[in-house]
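In the two assemblies presented below, chain A is common to both, partnered first by chain B and then by chain C.
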Partner chain A sequence: MSVKKGRQTYVNDRGVYIRETAAIVGPREKAGPLGDCFDEVRPEDWGEKTWEKAEAKFICAAFHKLMGKTDRKTEDIDCVLAGDLMNQCTASSIGLKDSNAPYLGLFGACSTIAEGMCIASFLINSGGMDNVVCMASSNFCSAEKTYRTPVEQGGQRPPTSQWTVTAAGGLWLSSEPGGPEITSVTVGRIVDFNITDSNNMGAAMAPAAADTIMTHMSDLNRTPDYYDAVITGDLGITGSGILREITGLSESVHMDCGAMIFDPVKQRTNSGGSGCGCGTAVLSCCFYPKLIRGEMKKILFVATGALMSPVSVMQSESISGIAHAVAIEI
Partner chain B sequence: MDHDLNGLTKEKYAAVADRHSAGSNVVKNCALAFVSGGLICIIAQLFYDLITCSAASHIFGEIDEESGKTLTVMFMVFLGVLLTALNVYDEIGRVAGAGTIVPITGFANSITSPAMEYKSEGFILGVGSQMFRVAGPVIVYGTAASVTAGFIYYLIR
Partner chain C sequence: MSVKKGRQTYVNDRGVYIRETAAIVGPREKAGPLGDCFDEVRPEDWGEKTWEKAEAKFICAAFHKLMGKTDRKTEDIDCVLAGDLMNQCTASSIGLKDSNAPYLGLFGACSTIAEGMCIASFLINSGGMDNVVCMASSNFCSAEKTYRTPVEQGGQRPPTSQWTVTAAGGLWLSSEPGGPEITSVTVGRIVDFNITDSNNMGAAMAPAAADTIMTHMSDLNRTPDYYDAVITGDLGITGSGILREITGLSESVHMDCGAMIFDPVKQRTNSGGSGCGCGTAVLSCCFYPKLIRGEMKKILFVATGALMSPVSVMQSESISGIAHAVAIEI
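So, the complex of A and B:
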């Protein structure tokens, strides 16, 4: 059973272990500072006629890549939790339809992977499930089409804007001991500080990350020093600066996957990377190996999401943020 | 709302967010728009001068001023469409900004890019219904504004 601590945090009673991870990225991600970490690189359209098919292919291939790294068959997987940014989780449902695994579709914007890991922890702690796969994906072109303008339309991006990461990744979580353990999770609240600029998602999400991190620390009576790193999903450079100011987190403890994945000057990505695939790929291929190698022992992974839709933006609704925290220790 | 981020109010947060959110470099963007927009106009002028000069009349025949202007506009629209189809107009636009949006090449780009994007949804519900999603408002309100202006002109004439 998960044991509740404080307001929003649950400590795993039954061990939940991250047994294996995998991520496939696009060429821009490969060219970035973390390029060598990722398992596989494929073009953004991957030879498909539509962006939707391409992203579905990414998530399908990432699933098979992950399964290929394990000694398990798809039949051993009790459930796949997956989500993406495309209308009604198009990529996940198309990409995983032939996987033959029980499926729960999620939408938590860019926080989807942490949402999946929270739910997977509960499912495994319930005693009912033993092997759960958490996945998330995003694709630059499909995200532009869903949220912004057609890919080929010319125009400038403001410095606070972020570049959607093309990546699909997954983590195999199991009750069977081995590898880094998810010791606790904090389910985030929806936090809205009245940001309406959809080109400044870092500012929209930073208060949610701050709220979840501070709640996690107070629920478990910890300070950020307990962790080797507090890793946010995709606040970017702008959002990271804001988070550090409002929480007092130091640069030595806080890292952000969105700020790490691209070289903002050389790759002209402004505030950094974003998207469901950003935190997923960086956690899977950068931080997971660090934990395995013993370079890090305790991390708090906080994936952040901007809960907006094209319609809510057009109707001038403010952009709410959400963040879920997953404590991983080895 | 009970989110007590150390007593952070929305007003205080707006100030913090503003401080961290770098603004666009207006001077640089204006300069780039000026140069790139000017370059597009130079290309159009060169084309116009070329097709209307006396040497060209031996090839194309005599082209009067009106026809020359129309042909120039058609050429610039073609150029915008071609560069969009070759996936380069957006790259130029990322640097040039308004310099590539305001001229008629930008108008061509705004129609071609959704047409390309939504081809995957078919020629009727995709290309047909989506290609004016960016240019449509310009056409609607441009027409409405010209009708209004014409009506006012009729009254005060």
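So, the complex of A and C:
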């Protein structure tokens, strides 16, 4: 059973455990401060003719990597929830088409992994499903081509811009006890503060992160210090600053996967990393092991997404943000 | 509680009722055989400068139309599930951004409404949510521009091609008894029979529909004649023929929203209608009233999606299909 608290938060009465995780990243992510955490590193094009084919290969390989770490077969998986940044989410559907598992496609931009974990909590708490895999991916070159300008053009990047992380990863969630537990989830709302600069995703997403975090705390009557860390997905350095200013979250509690994954000076990544794969890989390979090792006991993972397309930006639509929160405790 | 049956089917132990529906369509849909069913008709551009803005306006208006038919306020809605065919599903996120409701974005191509109804069944059966709105939309011109060639180019359409339906609609699902009940759902798998012709979506989706329908029957130990009708979303005339050939479904049981919504001869719509809005509008405004009036008692609604993008087609990727099934009884 999921038990509703306040407006948007649901406490998992039936345990939802993160049993295993996996992530495959590109060379830039490997060269960053968290490089040693990730399961595998592969070239961004992974020997494929196109970036899109490479991204599908990443997500396919990440799924098999994840399954290979478990004692389960694909037949044991009740459902795979997945999404990415490509038009019509083709990286996921092509990458996972041979999995033969029931499939629910998601679009939550960079919030996808948290959206998947929220939905998976309900799937498991309904009593119907026992084993769900949540996946997400992004690829620097395919995202640049889709959203901005071709990489070969060498366009200048403003200080607020973020580098899309090349990574695909996933988590196996199960009703069977073992590992960190998802204790509650907060389903986010679309929040729009009229940001129109597609090179400043952090500003577009920070108000949504703030809304979801404050709602989560108020719904459960908690303060941020209940958690060892409140971890946002990919606000980057700019967006993290805005979030802390809005919410009063201190730097000792707030961490951001996008701000952590690259060294902004050495790697010249401006405001940090972004993309569905960013929060997914950092949660899977950095925070999950910390929870397993007991270095952290309670975290709130808040993946954030910017709901836009190049067409919507060209048509002067503002960029909305959304954030979903997942409380993980051990 | 959701109770798992077989590999992919879940029986709703807690009632999930379709309490109200709404759909707004374009003039071509109004002129078709089902024209009198729909709630409202609006020009395809609805006075907007771009097709994308018009599509967002359709989904926004359909949401308010639906809410206006109920005795509920938006605050009573625990969650909105929505998706469309636009890149990054911007019609839904822009159209619904002012709703202020918790939002989960989906990408299931034309299977979106059934995917939403499946997930909503779990959300409600978890005990956590009580009122969920599922929405989907498509627009002929924005879809042609996104997937094929600009309408102004006047490209020839092969006989297997389908016309994207201009429609946005939705259903209010509630745990509170009243109206037709969603008794079970079958979550579909990605099925790929190596179709590469983006002008033959029916052929790409029919095997997925067959897989889901046969799985549903086998999981519940039923035969198709348990239902008054097995209704596919938008296989069109070509895809419907293929489905009947694969499954042996008879024309007396099988109906297809895409084949029903236009008059193929008078309206020159070739293989029929398609798009997320097609199944959504026909289920909402044609089959829901039939259930309410007692003209039908048991239907299986199977929306089908073609998981592709113009880029995936140009890169010679095959077009996968997916279908999710929702059993509705009164």
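Keep this in mind: the second predicted complex is superposed on the first by the 330 of 330 C-alpha atoms of A that agree within 3 Å, B and C clash if a C-alpha of one lies under 4 Å from a C-alpha of the other, contacts with A are read in each partner's own complex, and residues count from 1 in each chain.
By our rule, contacts are C-beta pairs under 8 Å (C-beta built on N, C-alpha and C of every residue); 3 or more make two chains touch, one makes a residue touch a chain.
All of these numbers come straight from a predicted model, not from anything done at the bench.
**Q** For A:E52, decide between first (touching chain B), second (touching chain C), both and neither.
**A** Both partners.
**Q** Touching A:R189, do we find chain B (first), chain C (second), both, or neither?
**A** In the superposition, A:R189 touches chain B and chain C alike.
**Q** More residues of chain A in touch with chain C or with chain B?
**A** Answer, by number of touched residues of chain A: C.
**Q** Name the contact category of A:I299: first (chain B only), second (chain C only), both, or neither.
**A** After superposition on chain A, A:I299 lies in contact with neither partner.
**Q** Could you look at A:C134 and tell me whether it touches chain B, chain C, both or neither (first, second, both, neither)?
**A** Touch status of A:C134: no partner.
**Q** For A:N200, is the partner it touches chain B (first), chain C (second), both, or none of the two (neither)?
**A** Only chain B is touched by A:N200; chain C is not.
**Q** With both complexes superposed on chain A, which partner does A:K4 reach: first (chain B), second (chain C), both or neither?
**A** The second partner, chain C, only.
**Q** For A:N100, using the defined touch cut-off, is the partner it touches chain B, chain C, both, or neither? Pick first, second, both or neither.
**A** second
**Q** If I apply the document's touch criterion, which positions on chain A are contacted by chain B in one structure and by chain C in the other?
**A** 49-50, 52, 189, 192
**Q** Which positions of chain B touch chain A when the two form their complex?
**A** 1, 3, 5-6, 8, 10, 13-14, 16-17, 20-24, 29, 84, 87, 89-90, 92-97, 100-101, 106, 109-110, 112-114, 116-118, 120, 134
**Q** Report the residues of chain A in contact with chain B in the complex, numbered from low to high.
**A** Answer in residue numbers: 49-52, 145, 149-160, 189, 191-195, 200, 202-203, 206-207, 210-211, 214, 238, 241-242, 245-247, 268.
**Q** Residue numbers of chain C touching chain A in their complex, please.
**A** Spelled out, the residues of chain C in touch with chain A are 1-4, 7-8, 10, 13, 49-50, 52-53, 78-79, 83, 85-90, 93-94, 96-97, 99-109, 115, 118-119, 122-123, 125-129, 146, 187-190, 192, 307-312, 315, 317, 320, 322.
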